[in-house]
Amino acid sequence: MKLWGGRFEQGTDSEVEIFSASMNVDHRLWEVDILASIAHARMLGKVGVLNPAETEQMIVGLKALLSEIKSGKLELNAAAEDVHSDIETKLTEKIGALAGKLHTARSRNDQVATDLRLYMKLEVESLLQEIVALQKYLVETAEKHLHTVLPGFTHMQHAQPVSLAHHLMAYFWMLQRDADRLKDTAKRISVLPLGSAALAGTSFPLDRQMVAQELNFSKVSENSLDAVSDRDFVVEFLSAGSLIMVHLSRLCEELIIWSTPEFKFVELNDRVTTGSSIMPQKKNPDVAELIRGKSAKLVAALTGSLVLLKGLPLSYNRDLQEDKEYIFTGLDTVRSSLRLMLVMLKNATWNSESMKKSLRGDFSNATDLADDLVRKGITFRQAHEVIGKIVNHCIKNKLILEEMSLKELQVFHPQFDQMSVDCLAHEAVMSARITEGGTSPRSVTQQIEKAKVALANK
Amino acid sequence: MKLWGGRFEQGTDSEVEIFSASMNVDHRLWEVDILASIAHARMLGKVGVLNPAETEQMIVGLKALLSEIKSGKLELNAAAEDVHSDIETKLTEKIGALAGKLHTARSRNDQVATDLRLYMKLEVESLLQEIVALQKYLVETAEKHLHTVLPGFTHMQHAQPVSLAHHLMAYFWMLQRDADRLKDTAKRISVLPLGSAALAGTSFPLDRQMVAQELNFSKVSENSLDAVSDRDFVVEFLSAGSLIMVHLSRLCEELIIWSTPEFKFVELNDRVTTGSSIMPQKKNPDVAELIRGKSAKLVAALTGSLVLLKGLPLSYNRDLQEDKEYIFTGLDTVRSSLRLMLVMLKNATWNSESMKKSLRGDFSNATDLADDLVRKGITFRQAHEVIGKIVNHCIKNKLILEEMSLKELQVFHPQFDQMSVDCLAHEAVMSARITEGGTSPRSVTQQIEKAKVALANK
Amino acid sequence: MKLWGGRFEQGTDSEVEIFSASMNVDHRLWEVDILASIAHARMLGKVGVLNPAETEQMIVGLKALLSEIKSGKLELNAAAEDVHSDIETKLTEKIGALAGKLHTARSRNDQVATDLRLYMKLEVESLLQEIVALQKYLVETAEKHLHTVLPGFTHMQHAQPVSLAHHLMAYFWMLQRDADRLKDTAKRISVLPLGSAALAGTSFPLDRQMVAQELNFSKVSENSLDAVSDRDFVVEFLSAGSLIMVHLSRLCEELIIWSTPEFKFVELNDRVTTGSSIMPQKKNPDVAELIRGKSAKLVAALTGSLVLLKGLPLSYNRDLQEDKEYIFTGLDTVRSSLRLMLVMLKNATWNSESMKKSLRGDFSNATDLADDLVRKGITFRQAHEVIGKIVNHCIKNKLILEEMSLKELQVFHPQFDQMSVDCLAHEAVMSARITEGGTSPRSVTQQIEKAKVALANK
Amino acid sequence: MKLWGGRFEQGTDSEVEIFSASMNVDHRLWEVDILASIAHARMLGKVGVLNPAETEQMIVGLKALLSEIKSGKLELNAAAEDVHSDIETKLTEKIGALAGKLHTARSRNDQVATDLRLYMKLEVESLLQEIVALQKYLVETAEKHLHTVLPGFTHMQHAQPVSLAHHLMAYFWMLQRDADRLKDTAKRISVLPLGSAALAGTSFPLDRQMVAQELNFSKVSENSLDAVSDRDFVVEFLSAGSLIMVHLSRLCEELIIWSTPEFKFVELNDRVTTGSSIMPQKKNPDVAELIRGKSAKLVAALTGSLVLLKGLPLSYNRDLQEDKEYIFTGLDTVRSSLRLMLVMLKNATWNSESMKKSLRGDFSNATDLADDLVRKGITFRQAHEVIGKIVNHCIKNKLILEEMSLKELQVFHPQFDQMSVDCLAHEAVMSARITEGGTSPRSVTQQIEKAKVALANK
């Protein structure tokens, strides 16, 4: 039985019913739908639209649904048009015709928007916890690797040595921005549309602030037309989520490259790798590949949400029903990827021997040899030229820069001295970078302190 | 029991197992997986890798699975890692250890690629039928509306009158290109990867052409590395699908605008519209809105598929597992949208009265009045200026251009005559456009003939 | 002369030079590049890397460049590799070899990131002003149209009457969120990378806080690897910009539809419309179409920026050079679209007569007739059914609901009375929606007050 | 002087003129615009709309413009509204008022669509040549490396040895599909819209086939409404272009990884690498990074083109003006990336020593050891288990599989024999993969033959 039969003389085509149903997607809003209804009912009672008995009965009924569905006693009806109808039907079965009064001064349009915001509010809060967990693990690991030296890369070429601590902490700060973005998004999610009714507000004397308070929204929407058609927060979340996934994809890319036999900087243990049914030697970093692959899902969902909204006139259009699939995909993907990244890191063994081997003769100490000449009064340009020639000489003669004798160096410039030789050790090169944000153990220790303060403030 | 346990000492983390499982997505490949296995087994028999008895037993087993799953006697195991393992397990239960030989000279990598191509081949063929059905209905409707005149729009302003037949046929040709694109894509789908094994081919003396023939592939892949990592056809299908959806979104946009009380060019009947639980008068074109909204899904999937592939080194990477969700979403969305568009059009009533009303005094006949002067030797530029002034005069004095008397017209230019007045009828204006591809009934009749030929050639 | 010739024995291929040059895109960073260099030089002086005379000379030279380029006395060299080289070359021409010392403790990597952030900081601040200008005009216009009634649409069908003020204010709040998002982005732009050098920090005793203060950055980056490879702010800006454009596209869509002869709710004046060289009557809303079309540019740039970043290992990779085209396109498009939207609105004439005409007999007052029965104790469900039948009756008999007599109404339900008849006036219906955020003049007046407070706080 | 002044009383706002001008983008259509006009003029002469003298004079004038602009004698006017106006103005300056007759039976709408298609037709043809050039170089290089063995990767882990020839040929076939797609797109580009006029066709007795023939279009458009609003070919080209760029991005990714000191499979020579102004040792694969980065541009343009078209009603809307920027960016990016890829490959030195070193002890021969047991009657499953244990044993004891003695092997399984030991050589492993499309020199030689046939057929 449709609730809008009056002016219709023919029933809806069955293909149309299937096509327009959303239960297969929006069923997971069941809990927030009930919570929002409880708040709405209590408010209707307060402003006198429902009498105290009605209010009481309605809230009791809704709470019963809540616990029965939670416990599995009552099941959602997969054949319902959407989750809101299903809940309404179930309430009617429980408390009879009174259930119909719940829809007073409320429309599907503001109800859906409210449910979605409430759901996302809770989800985003819990996503933040996943981020924190990953950040904490990065900090812990960094603390153990202040002196683990590996080549720092630019253009995937060895540039200058950095510590593993510093490298991992780069991801800490990416995640810190991700968390900040989610919090900024959360501010704009936390706006209550309920009370906007179909599009224009209602003539009932609602207390919207009361509902906002009960549901922990920080404010009420200012314009009913906007309220029922605003999906900015969907785009905003998917954009923040895309960046989270891009960050994870970067770390995955590194883990994958670092797991090759050529690099061997890291070994992902048995628990997070898989083999091949054909090739007995295989141990594949599938989790890293899957997370990297799943980053595409967020970009896709973000794009889709923008295409959806482009050019829609006010106010509610049915196109908006499509928003949920993007959100749910986005939330699930970001959550599972954050969790699995943590699982993977916990099962990673860092191979400092391979890193050291990779540094040997890699010229990532060359800048410091140039700087040494600069300190002795040579212009940087000249120094750069001199070192360039030494590098070339080493390559042609298969020499290791840091193993050249003072005498050999002096062939290229007379001002080289023992200090020049000493500065070439990769550990020394790394430790010299003492600027705020630099890779020296001293700087990274300070960086970690700041990270801990940031975590403590959450 | 994993098939790749030998070198592993620890089991896989349970979160990793869930994260990397694909059964919830790829289960629908079950049928093509079995069909491809039957072809593989028959070929292994022919080249002597399996003996005749083994071949026979294996094919019988596979066929039994096929019919048992189809009939519902046997159910897929939702907890399996992927559909391929599930089928293999079921085969083992049926024919014992011999099942293991099916994987000879075959790897998951070429198997997955084969299944996916086989699935898409069949799906695309059936999508083409949906397009034809919609095209046929457009032709039928057009034939009835050669003389139904409505304003043709540019910039959403009345430009020149066109027939409804001509307008609807515009969509016929869009769909015709869509079908052509799908067929071009189908050529590139129809390439058999099986025999590429993990990445490098195998040392078994396979007869790949035989498998291709049995499975109706038009050729075999030329390079094994490419074969296991090529997903171009996914992108290509999603691109073709995006254009289908863009076309449908354009028609939906028109149906939505034309359904407003201001336009009333069309009425979507009860069977394809829905009401409102709040507003008793509502009759909403939900189907058109949903199809328009779903166009975003294809653009999203297309974007996602490209993001997925960007920068992946050869050959197979686990990221590729993510391709299926884009494909299945794409296939389902395009199919249901094409079908529902047809349902919607069948339930549309075209309101020629409203169209006629909208044309009255709309100046879409103004060009022809200018052309009339041109025919009398006035330059088009002068004529344009004169008519512009008449239009302005009409607007200011609320006059209807086609109702002006010859005398009134002659105030603006002495060379107007009765022919000038006659050319202003909208029907006449439309009928004058006799170029190939123009809107005159004569031209549209020819157009429809060509359309029928095109349909007959499918 | 390359600055990195030492180890190279062959020059760069000329096609490579053209391909990798970025001057055609990044030339507009010239001013921020100089400003950042002045701050860097002053700091180098303070920490003793440059002596006072060198510092003075360098700053004087840089300031001379600044004013000479600004005044047009000096021109940028289109053939330079990038803007940074060009400025460095120009400085060398001015102050000789000393110019080389400017690059001490600075790399192209942190310099580019600093320039880009500084540029965007200034641009985003000025974009905020464009938003405010548009918001102010919306408020001004709204204040004049508290009582201008038009149909409020859902599903593009008449739903309930709203005021033009309310409708326009919906866009005010969208822009308000846009401004908030830009401010949030600005926080994350305002982080100074300078001092991160190539990737690892430097061994010079830099005072990064001093530079941050001079350039008005609110903090310094915490991790050098992250600092040179972070482009989150690009994505974030393009996401915020996409939403701005989506909002404008929605308003454009409405202006285009409302400009059709069928609607005629608005007339865009001669100054913002164009004609046709063929059709003398044409007056096209090109500006609205172009802004709507340009929304695609932001979505494209956003997508591109994410594809760019996906899967890049740390730290700087040359791919990042591509970020600027997305940013500049984004900034220019958003700015010009905001400005032209304001120009267009200033040249829009709202046609309240057409709106009124459109409301007549549109049933957007039907909900209130149902509510009337509810107030008389009928359940909403029954009431909905009754009104649905009245609507049907009106349609079949071409009756106007608000012109039905009490007697006629009572045929459908005995409890209708004079109040029922009175509530049907569209102005009354609109005025009854008195909830916070509703469309009644009283609510909208409060809404406007809040809007003014929000504007005052900027 | 506007050509559409008649009904306008006020001039266009200057900001609007700048905003809506397209000369900065569409100027490159100047040549095809003239060519299309010549064809149109000749046809107007043939059907008698122009008399022979007029026709002659007009064609002479247009040809003069063509050669004068080409030679630089005449310059395009950057301040013109668009290239079509500029050409028309120039023609008027040359032949006077007669120029006005060129626009007979033609509108800006069909003119723009014709120009764009003509331009793309020529561009796509020349892009195909770039693809062929790259393919030829791949074939040539492959022929030299049939026996250069490197690890074949799946999941970026060593899987089985392949030849460099086979690896490079994988890209040949990707490019082959790219060329096929471009040709399919070219079919749909090659449809002449001219004669569709503004939207509805014209009343002049045009000979559209004649124009199509002169301009080398393979057919004329069938429906005028569709013809002026169809931009499918833009999307289709950008989709094909995105795949080209994705393919190049994959090869770039490999070149970048293979250029690391850890891999050293390839060295990109001085001519295609750049250094660092800071780090004297740097030699960066910038070209590969830039091409990889530019792949994002195509995905962006593709997305943008779809967003642009979504939901547009028929027929021409000004939004479509935005199509050209996507096309031109797409064409330029694909062309330069294809060319630079070739330049880069020509400057690549393949390091077979490093490849060999990387293979040693990498277990990519493990599958063949399992196959050896299978040939001796062991089931593959058991064999897999055995080899897995050997791999584990080798890892723990730092042993090289291919250097194990028969005796050592027999500890794990008694059936190992000398053949088992022999099959472990990586060269042997590679040579054994003799299936069609496999990596054995024999198979790759056949593959190369097919590639040459394919090239010859172009």
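Should a chain be cited, it is by its letter among A, B, C and D, assigned in written order, with residues numbered from 1 in that chain.
Here is the rule we use: contacts are C-beta pairs under 8 Å (C-beta built on N, C-alpha and C of every residue); 3 or more make two chains touch, one makes a residue touch a chain.
Because the structure is a prediction, the values reported are computed rather than measured.
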| item | value |
| --- | --- |
| C-D against A-C, pair bridged by the larger set of C-beta contacts | A-C |
| Centre-of-Cα separation between chain D and chain C, whole angstrom | 33 |
| Whole-Å gap separating chain A and chain C, where each centre is the average of the chain's CA atoms | 24 |
| Residue numbers of chain D (touch at least two other chains) | 3-9, 103, 153-156, 159-160, 197-198, 257, 275-284, 286, 289, 292, 295-296, 299, 303, 306-307, 310-311, 317-318, 367, 384-385, 387-388, 391 |
| Chain contact graph, described as a line, ring, star, complete graph or other shape | complete |
| Complex contact set, residues of chain C against chain D | 2-13, 15-16, 19-20, 103, 107-108, 197-198, 269-272, 274-284, 286-287, 289-290, 292-297, 299-301, 303-308, 317-322, 325-326, 336, 339-340, 343, 347 |
| Touching residues on chain A, where the partner in the complex is chain C | 3-9, 97, 100-101, 103-105, 109, 152-156, 159-162, 166-167, 169-174, 177, 180-181, 184, 187-188, 195-206, 208-209, 220-230, 232, 235-236, 239, 242-243, 246, 249-250, 252-254, 257, 292, 295-296, 299, 302-303, 306-307, 309-318, 367-368, 371, 379-381, 384-389, 391-392, 395, 430, 432-440, 443, 447, 450-451 |
| Interface residues, chain A side, partner chain D - complex | 151, 153-160, 256-257, 259-263, 275-286, 289, 303, 306-307, 310-311, 358, 362-364, 366-367, 369-370, 384-385, 387-388, 390-391 |
